[in-house]
Structures are given as C-alpha cells and as structure tokens.
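Consider the two complexes below, in which subunit A is the common component and subunit B and subunit C are the respective partners.
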Partner chain A sequence: MRKARYIKEIIRAVFIILAVIAIIGPIYWTVVTSLKDRVEIGLWPPTFWPRNPTDIWWRTVLFERINLPVYRNSFIIAICASLLAVVLGLPASYACARWSFKGRMDLLFMILTFRFLPQACVVLPIYMMARILNLLDTMPLIVCLYAAMNLPIFIWVIMSYIKEIPVELEESYMIDGHSRAAAFFRVILPLIRPGLIAITLLMVSLSFGEFLFAALLTQSGAAKTIPVVISEYLGGELGYEWGKVATLTLYSFIPLVLIFVAIRKHLVRGLTFGVVR
Partner chain B sequence: MAELELQGITKRFGEITALDNLTMRVPDKSFTALLGLPGAGKTTLLKIVAGVLEADEGRVYLDGIDVSGLPPQKRNVAMVYQSFALYPHMTVYDNVASPLKARKLSRSDIDKKVAEVLKFLNIEKLAGRYPRELSGGEAQRVAIARSLVREASIYLYDEPLTNLDYKLRESARGELKKMCRETGTTILYATPDPLDAISMADYVGIMVKGRIIQFGPTREVYDLPKNIPAASIFGSPPMNFIEGIARMKGDKLVLETPIADIDAKRYGGKLQVGSEYVIALRPHYISFKEKIGEHATSFEAELYLTHVIGSETIGYARANNIELTLHLPYIYRIPKPEKVSLAFSTDKILLYDKETSSLIV
Partner chain C sequence: MRPQYYLIPPLIFLFFWFIFPFLYDIYMSSMSYGLYSSAPPQFVGAANYIRLFQSADFWMAFGRTMAYVGICLTLELLLGLVLALILSKEGKIISVIRLVIALPILMVPVGISVVWKVMAMPSYGILEYITQLMGHRIAWLGHPIWTNILIIVTEVWQWAAFVFLILLAGIVSLPKEPYEAAKIDRLSDWTVFTKITLPMLKPVIIIVCLIRALDLLKFFDPVYALTRGGVSTETLSYYIYRTGFKTLNMGWGGTVSTVYWVLCWLLANAVVRRFRGVFE
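Showing the complex of A and B:
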C-alpha cells in the first residue's frame, strides 16, 4: 500500500520534471546559446554552460544591417495591430454577447472558420491585391492583416467574458439614468479588464511571432519584422548564425515577459466575485 | 410620486406568452404587492415598467404620461433587483451615488444626498466597502439606498427579501414598511410570499400566468379572493379546499362533503342542488371543537403532525382522506398522531363554483 503511493509520487515527480524541462528547456537553451562564442556553439556534444561567455552577440546584433529599424517595426506593428483589433472587436463582441439577431451564430462561426484557414492558402491572393493597391512592403498592410487575423479569437473570447457579466448590471446602470454607451464604458469594460488585457497581450505576442505574411509581403526595412530577419540568419551566406538568432529571439521575448510580469496583478479575476448574491 | 397604469400589456418570448393582455392601476403613494408564484411574470412586468424590456402590445402610463416608448434613462423609475445588481468594481458610496452622477449633480450635492440615505438605512460605515465585502442584509440595504437616493416616480422591488435568510427577512419587512411610510413613495413590490403582502402592502395584485386575476386593497383581497387560484395563492399557510355537492337533506340546504355536511342556509337560492362546489377554509379558522362556538360544523379527524413556529403551531390533520392544515395561535405539541374533534365556524368558509371557479357570495 505504501509502496504503491511511493511509486505514484515518483511518477508524478517525473512528469513534473519533464514538463518543466519541456517549457524551460528551450528558453534556457536560447539564453545559453546567446552567450556562447561561435566556436562553442558549433561543438558536438554541446555544452550546457558557456565555457567562455561572451557578450558579442548582445552588443552587435541589433546594430547590424537594418536590424534596429526592423526591431522597432515589430513593436509598432504588434501594438498597432492589437489596438486596431481591440477597437474593432469590442463593439462586435458586445453586440454578439447582448443581442440576438438573425444569423448571429452563422456569423460567429464564419469568423471562426476563417481563422482556421491556412495562411498559405490566402497569402498569394493577398500578395496580388497588395501589389495592385501599392501596399506591398508597407506597415499599414501588415497591421491590417494582423488585426484581421486576431479579431476572431478576440471576438469569441471577449464575447464570452461579456456574457459572464449579468445583464442586470447594465440594466440597473441605465435605470440609474446613464446611457447604454456609459454602461459599456463604466460597467462592462472595467469588469472585463483582466480578460481584455490578457487577450491583448496574446495578440501582441502572436503579432511579434508571425512569420509567413511578414516574410512574403515585406522586403525592406519599411515593414520587415524580426522573424523575417531571424530567418535570414538561418542558411544564408554565412551558414547558420545561431548566436544572432538566439539573441534576436531574446530581444523579442524579454520585453513581452517584462510586460506580463508588470501587469500580472490585472490578470487576476478577483473582480467579478461577489457580483450576484 | 405617481400613479402607474398598465393597459393591455402583452409580452412574448418566442412561443411563450409571459404577459397576457395585462391591465392594472397602481394607486399613487401606495405600497402595492404583486403576488404570484415563480414564473407568473412578475419580473417581466417590472422590467417593462422600468423600460428595460419593451412590451409587444399595450401601453404604460406614469402619472398620466405615456412612457411606453421611452428608454429607462428617461423614465425616472428606480428598481431593486432580486440579485441586488450592485456594481462590483465600485464602492458602496459610488454605487449609491450612481443615479446622482447620471443627473450631473455637483460633488457636494451628491455627497450630501448619499450621506443622508446611508444614514437613513444605517449603513454609513459601509461607504468605503466593496460589494464583495458585504453580507446579504448589507447588500440589500445598499441596493435600496441606491434606489432611494433620488426621487423616482415609482419604486420597483423584485423579491428583495428572497435572498435573505429567514430571520433577516422578518426584520427587513418591518423596516421596509416603516421606510415606505416615512418617504411617502409609490412602491410596486413583486413577491411570491403572501406574508410580504399581508404585512406590508396596501394593495395587492394577484398574478397568475401573465394576468392579474384580482386586484384590490389587501384586506379585501385576503378576505374575499374571487376565485380558486386567488384563494390558493394568497394565504400562508395555504388555504384548505374541500369539494362538496349541494343537496337537500329534509328541508335543509347543505353542502355534502367527505368530512361533514355543512349548513348552506345562508346561500339560499344561489346554489343549484346537485352541482359541485369547492369550499375554501383558512387554516386559522379550524380549531378544536370546544373552542368554536355557534354555527359550528364539527367533524372527526386524525391530527398526525404538529409544527411549532415561534408561539404558533401548524397542524396537519386527515379526515376521511382529506388533508387539512390548521393554524393554532398557541403552542400545541402531540407526541404521536391522535384522534381529535375539530370544528370550524360555518360563516367563515368561502364557497366557489367548481366549474367556473368564481366566488359565491
């Protein structure tokens, strides 16, 4: 009996260790790689700790080629696309959550299925349309595309958050004398804030990491993003520049982590407790 | 303060008709109870008066003005929801101040009025708290405070006592009644509990399946419910019903029932011999044979259960397979079922025609 429990504990510990390795492992490896010098990176068997740690990648990679403007592009595009999705998505989510109208479920499922469409299927028509409109290699194009890509998730998630809020709260607010718009901004928005922040951050991360559209629809520093630059370091003239790849990845990863850590309080859902007695 | 009038209100939700051609007039400055079982349509009706729902047919008049098309913001009604609907991200102060902020009053005016109403309800010390930190009774008072802080034409209460525990409910009833008297407001109060209506309301409207089946001063409706549904809803404990047939026994007109023959002299020619009738008898009109005087109909029964509440007793008896409930104004306990002689005064019964369900006076 005790032996069975002991074995269960061991198995549990093993699974937890495996999970931790699976999650932390790639991050750890990327960090370690960014601190190794070129020679050590190529070693086999690989070293798990840099013998001669170097800061050369960290110091130089952003200032090579056009990497700094591209880094800035990634931020601008991610933030603008997410904001656009929020502005367009909030009214849509509210309408779908609060009113039932003809074709509502059809519309919602249609939006969802569009998201499932493989990007490779649509990238060519989009390329052609963008060329005709002279929007190729421009930031507005990418911003609009990313916003469109993120809207389905945004609408579905925010709609379900709004549905969780009892409609009596808005009704009561309107009976108090406020307009419906006021009810939306001062009752609904504050109460969905945790979910809203979480989803927006998710959209920012997705925009940062998107590769296919960025690679095929951008060319120069006008609209290029970090993932494209990273791809150019893989299998280019100088072979595989793992050090630069690792460092650029971390340059993207760390700001997002910092933002998550800074706002983690707001992600707590304590706000909707105690609403209905 | 105003008079509320509803004319021909009908509201459908898909296949279901929640309100069916409902007409009612709530007198000015009265405490009117809307009494009905869950599902009768009380909340729907309140929401239509508030303007949160729009009726499919019919019109709503407040103080003579047709408000049917107006949104809630423009109607000057206040409503307290069954769930209280307090804004969880705002303090008690901000919750109560909300209607005043909508009217764009100055900061000092708002402060003054909020302080006044919080004091009136004894909750001043809760001003800085959040709804999740409040008990049920406190939350209810905040909801009421929010409704009272401004002067509305009519105050709508949707079962505000349902979410409170029993003891709290008792004291809350007393306070609500006192508050209504002191503020002189028109109140429409939806409840499934007859005790609420009996203890607080000036007028009562009994609501069944989306219609008002009887409306009038509380005492009148209680003493003379005009049909069987009204009689069965308005009573706590619920009314006893006994079926009987009108017969001539010798030269006396009686109502023949499974428990006894009831002298029906006072109904004279209004009864048709051979027709079926339903006798309604309130539980507190049945007692032990010794206690009832003249015009008594007595019968044998088995008293099988007693249930003491405070200083009163609810008794359950069976006579000839008919279940009866008694309400005794004193404590009476039985260790085991016992055979008793019960009686009731014949002029305390209410008689209904079985087919038409209407009261025979």
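Showing the complex of A and C:
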C-alpha cells in the first residue's frame, strides 16, 4: 500500500518535471537566441549557451528608428480598442444583468457567436471597404476591429459582475431620490471597478497579440503593430533575422506578464465569459 | 427607456464589422473578380460555388482544419487536465510551477511560432540536433508529417496552458465535502476522479472545450509563421489569405469566406445553444 503511494508520487514528480522542461525549453531558447550574434545562431552543432553573449539585438530592436512608431501603435491601438469596447458594452451589460426582457438570452447568444467568427472570413471585404473609404493602414480601422472582436467577451463578463451585486443596494439608493444613472455611477461602478479594470486589461492583452487583421490591413509605421514586425523579420532583405525575432518576442512578453500579474484573480473569469469564477 | 435599446449600439457595431462584410463576401462570391485586374468584375452566379465544392485545395484545407481542431483539442484537454489535477494541491513549490506552466499564454502567438521555426530550421535548428542525437535526423520543415506534427506541437504548447489555467480554477473551487467523504470510504484515486471530480467539473470542461474548439477553427498564426501554407499545412484561414492577398482572386476568396463564415456561424450557434445551460 505504502509502496504504491511512493510510485504514484514518483510518476507525478516525473510528469511535472517533464512538463516544466517542455514549457521552459522554447522560452529558454528564445532568450539564448536573443543573446547570440548572427554567426553563432547559424552554427552546427547549435550552442546551448552563447559563447560571446551580445546585447546587439536588445539594443537595435529597441532603438531601431522604424520600430519606434510600431511600439506606440501597439499600445495606442490596444488601449483605444479596449476603451471603445467599454463604452459600447457597459450599458448593454447593465441592461442584460438588471432587466429580463423578451429575447434577452437570444441576443446575448448571438453576441457570443460573434466572438467565434474567424477574422479570415471577414478580412477580404474589410480590406475592400477600407480601400474605398481610405481607412487602409490607419489606426482607427484596427481599433474598431479589435473593439468588435472583444466586445462579446466584455459584455458577458461584466454582466456576470453586475449580477453579483444585490439589486437592493441600487434600489435603496434610488429610493433616496436619485436617478438610475446616478445609482449606476455611484453604487454599481465602484463595486465592479476591480473587475472592470481587469477585463479592460485582458482586452488590451488580447489585442496586443492579434496578428491576422494587423498583418493584412496595415503596412506602414502609421498603424503596424509588434506581431507584424515580428513576422516581417522573416522575410526582409537580410533574410531570417532570428536574433531580432527572439528579442522582440521577449520585449512583448513584458507588458503581458505585467498585465497577467495585475489581473490574475480575474483572468479565468474573463477568459470564460464569466462562467468559471 | 426600454432595456433592449441599450443593446442597439453594440449590435450595430458588431453587425457592421461582421454581418456587413459577410454580405460583401456573398456579393464577391457571385463575381469573377480579380483585384487590380484590368477586366471589370463580372457576374457569374453560383459558378464559384460549384467550382469550390469540386476544388481539391478547398477540401484539403477544410479537412486539415478539422483535423487540427480534433487533434489539438484532444491533446490540450488531456495535458491541461492531467496538469491541473496533479497541481491542484496547495503549496509554495506548486504555485511556482503553476506560474511556469501558465507562461506560454503570455507569449505573442506569432512570436513564439517563429521561435519554434528557428528551433526547427534545417542545418542549425536545435530540434534537428536533438533528433540527431537520438539517432534519426528529422527535417522538421521539409516533410508533411513532421511539419504537421511541429505545427500541432506549437499550438498545443501555447494553448494547453490555457486549458490548464481554467481547469485548475475549476478544480480549486470544487466543494471539499465529497472528497472528505471519499477519504472515509477509502475510495481509490481513480474512483474519486471518475465519480466525484469529473462530474462536478463537467461544466468547466464543457466551456473550455467549446472555447478551444471554436478558436482552433481560426487556425492561422503558426501556419503563417512556420510554413506560409507550404508542406501540406494550409488551413481554411490561410487559404483565404492566399487567394485574397497572393493570387488576388477576390471572387474566389469571397466564395471561400462565405462558406467558412456560414460554417463557423452554424457551428458556434449549435454548440453554444446545445450547452446553454452552462452559461445561465
């Protein structure tokens, strides 16, 4: 009996170690690649630790003139798209959480369905429309698209937060002579604020990594984002620029880790439309 | 003011970016329409659809997308579930390991796909080196079977962490009483798992499968980063990209897009409605 338990523990430990190695491996290789010079990256056999660690990629990627607007774009687009989704979605979440009306669930399920439509099946018409409207390669276009992609998540999750707040709190405030709008801003909003901020940041991080729309609808520094630049390092005049790819991947890791740490209590709930708490 | 009115702005917005382009897809699909071509667009009726359903490329992309959905979903669910189960007890080391396991979802998908590519490159890739040490050097980017495995590994590596995180949250929040009762009754671990954990965890498993399955239908980033659709790895998303932006055949692209849109809409609706109990 005791022996069987030891064996179980050992299997468990082995599995955990294998999983950790599998996860760390590619991340470790990203770090190592970002520290190797061009020659060493192409060496056979590959070196497991750079012989002459270099910070050339870390410097060039960060300060490359053409990259500076890209960093700006990435943050502006992700933040504006999330705020746009908040503005469009907050009243809807409130209405769906507080009132039951005919067709409420049908409408909510329809909104949820939009979350699952692939970008690829609307990207061609959007490209054509944007070309006619002169919106191609502009930030407003990408902002709207990301807001539309995230809106269903936002409405569903925030609805679940509002539902948790007892209606009586609001009603007692309104009995004192305040309007429903005042009750919303003074009672509901402060109570859902942690969740609201967390979900907004979650939308920022989802927009930050989006690739298909960004790659196909932007070309220049006017609206290009970080994932597009990463993919471009593969096809430039200099051939494959692995060092830059690895470095930029690590740079873009930083804001996502920060967001993760800040919202971890709300993360699962945000990712599952408020279903898993 | 009626409560429905609050839903009008988001619905108009979503219609504008998802339904209106779909109508445009249908319009394009009825045309012979080359972008930048000198010939004006010409109405061809259903001819594009008839050709599409006879097109080997389309069916290959379709079948491959479905295969990726099935294989990746199974692997992600298995790995995520096992990891969540064995890391469900609290502890200092365990919480560090949990954090490590969650790291992949924090990488930009394209970035990490490209890193898998450098690891798989012929003549200097670490994966090729490792397979050589094990006795058989594998050309990861040159053989359909190995390349498909590589693409699946790339996707599973990143998203098993997603399944893990959500299932872990589900397991941690399960009530403790049934487990204490099971301990008193000296039930085996397997019985506890199949009779207690699995039934209680079912809603969480359903939601995580639903999200992953429908997201996997979009499969694009690893294909773009690793192979550009070559070596038998083209998915539906990539097929649309290729017809629209490489061969500039908008009529054809519109046809594929329409079919793909309808497919995803119907699937998403069916799945969401089938499991609507989970959402309510």
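Note that in this section the second predicted complex is superposed on the first by the 229 of 277 C-alpha atoms of A that agree within 3 Å, B and C clash if a C-alpha of one lies under 4 Å from a C-alpha of the other, contacts with A are read in each partner's own complex, and residues count from 1 in each chain.
Rule of thumb we're sticking to: a contact is a pair of C-beta atoms (placed from the backbone, for glycine too) under 8 Å apart; a residue touches a chain by one contact, two chains touch by 3 or more.
The model shown is predicted, which means the values in this text are computed figures rather than measured ones.
A.B. asks: Per the contact definition in the header, classify A:I76: touching subunit B only (first), subunit C only (second), both, or neither.
C.D. replies: neither
A.B. asks: Of subunit B and subunit C, which one contacts the greater number of residues in subunit A?
C.D. replies: Answer, by number of touched residues of subunit A: C.
A.B. asks: Touching A:P166, do we find subunit B (first), subunit C (second), both, or neither?
C.D. replies: Touch status of A:P166: first partner only.
A.B. asks: With both complexes superposed on chain A, which partner does A:S179 reach: first (subunit B), second (subunit C), both or neither?
C.D. replies: first
A.B. asks: Answer with first, second, both or neither: which of subunit B and subunit C does A:P190 touch in the superposed model?
C.D. replies: first
A.B. asks: With both complexes overlaid on chain A, does A:A222 touch subunit B (first), subunit C (second), both or neither?
C.D. replies: After superposition on chain A, A:A222 lies in contact with neither partner.
A.B. asks: Looking at the overlay, does A:V123 come into contact with subunit B only (first), subunit C only (second), both, or neither?
C.D. replies: In the superposition, A:V123 contacts subunit C only.
A.B. asks: For subunit A, give the residues common to its interface with subunit B and its interface with subunit C.
C.D. replies: Looking at subunit A, the two contact sets intersect at 271-273, 275-277.
A.B. asks: Going by the contact rule set out above, which residues of subunit B touch subunit A in the complex?
C.D. replies: 47, 50-52, 71-73, 77-79, 81, 83-89, 98-99, 101-103, 130-134, 136, 139, 146, 163
A.B. asks: Which part of subunit C faces subunit A closely enough to touch in the complex?
C.D. replies: Residue list for subunit C touching subunit A: 2-7, 9-11, 13-14, 16-18, 20-22, 24-25, 28, 79, 82-83, 86-87, 97, 100-104, 106-112, 114-119, 121, 123-126, 129, 157, 161-162, 165-166, 169-170, 173, 189, 203-204, 207-208, 211, 214-215, 217-218, 220-221, 224-225, 236-238, 240-241, 244-245, 250, 253-254, 257-258, 260-261, 264-265, 267-269, 272-273, 276, 278-280.
A.B. asks: Hey, which residues of subunit A end up touching subunit B in the complex?
C.D. replies: Touch list, subunit A to subunit B: 166, 168-169, 171-179, 182, 187, 190-191, 271-277.
A.B. asks: Could you please specify the touching residues of subunit A with respect to subunit C in the complex?
C.D. replies: Interface residues on subunit A, with respect to subunit C: 8, 12, 15-16, 19-20, 22-24, 26-27, 29-30, 33, 41-46, 88-89, 91-92, 94-96, 98-99, 101, 103-105, 107, 109, 111-114, 116-129, 144-145, 147-148, 151-152, 155, 208-209, 211-212, 215-216, 226-227, 230-231, 233-234, 240, 242, 245-246, 248-249, 252-253, 256-257, 260, 267-268, 271-273, 275-277.
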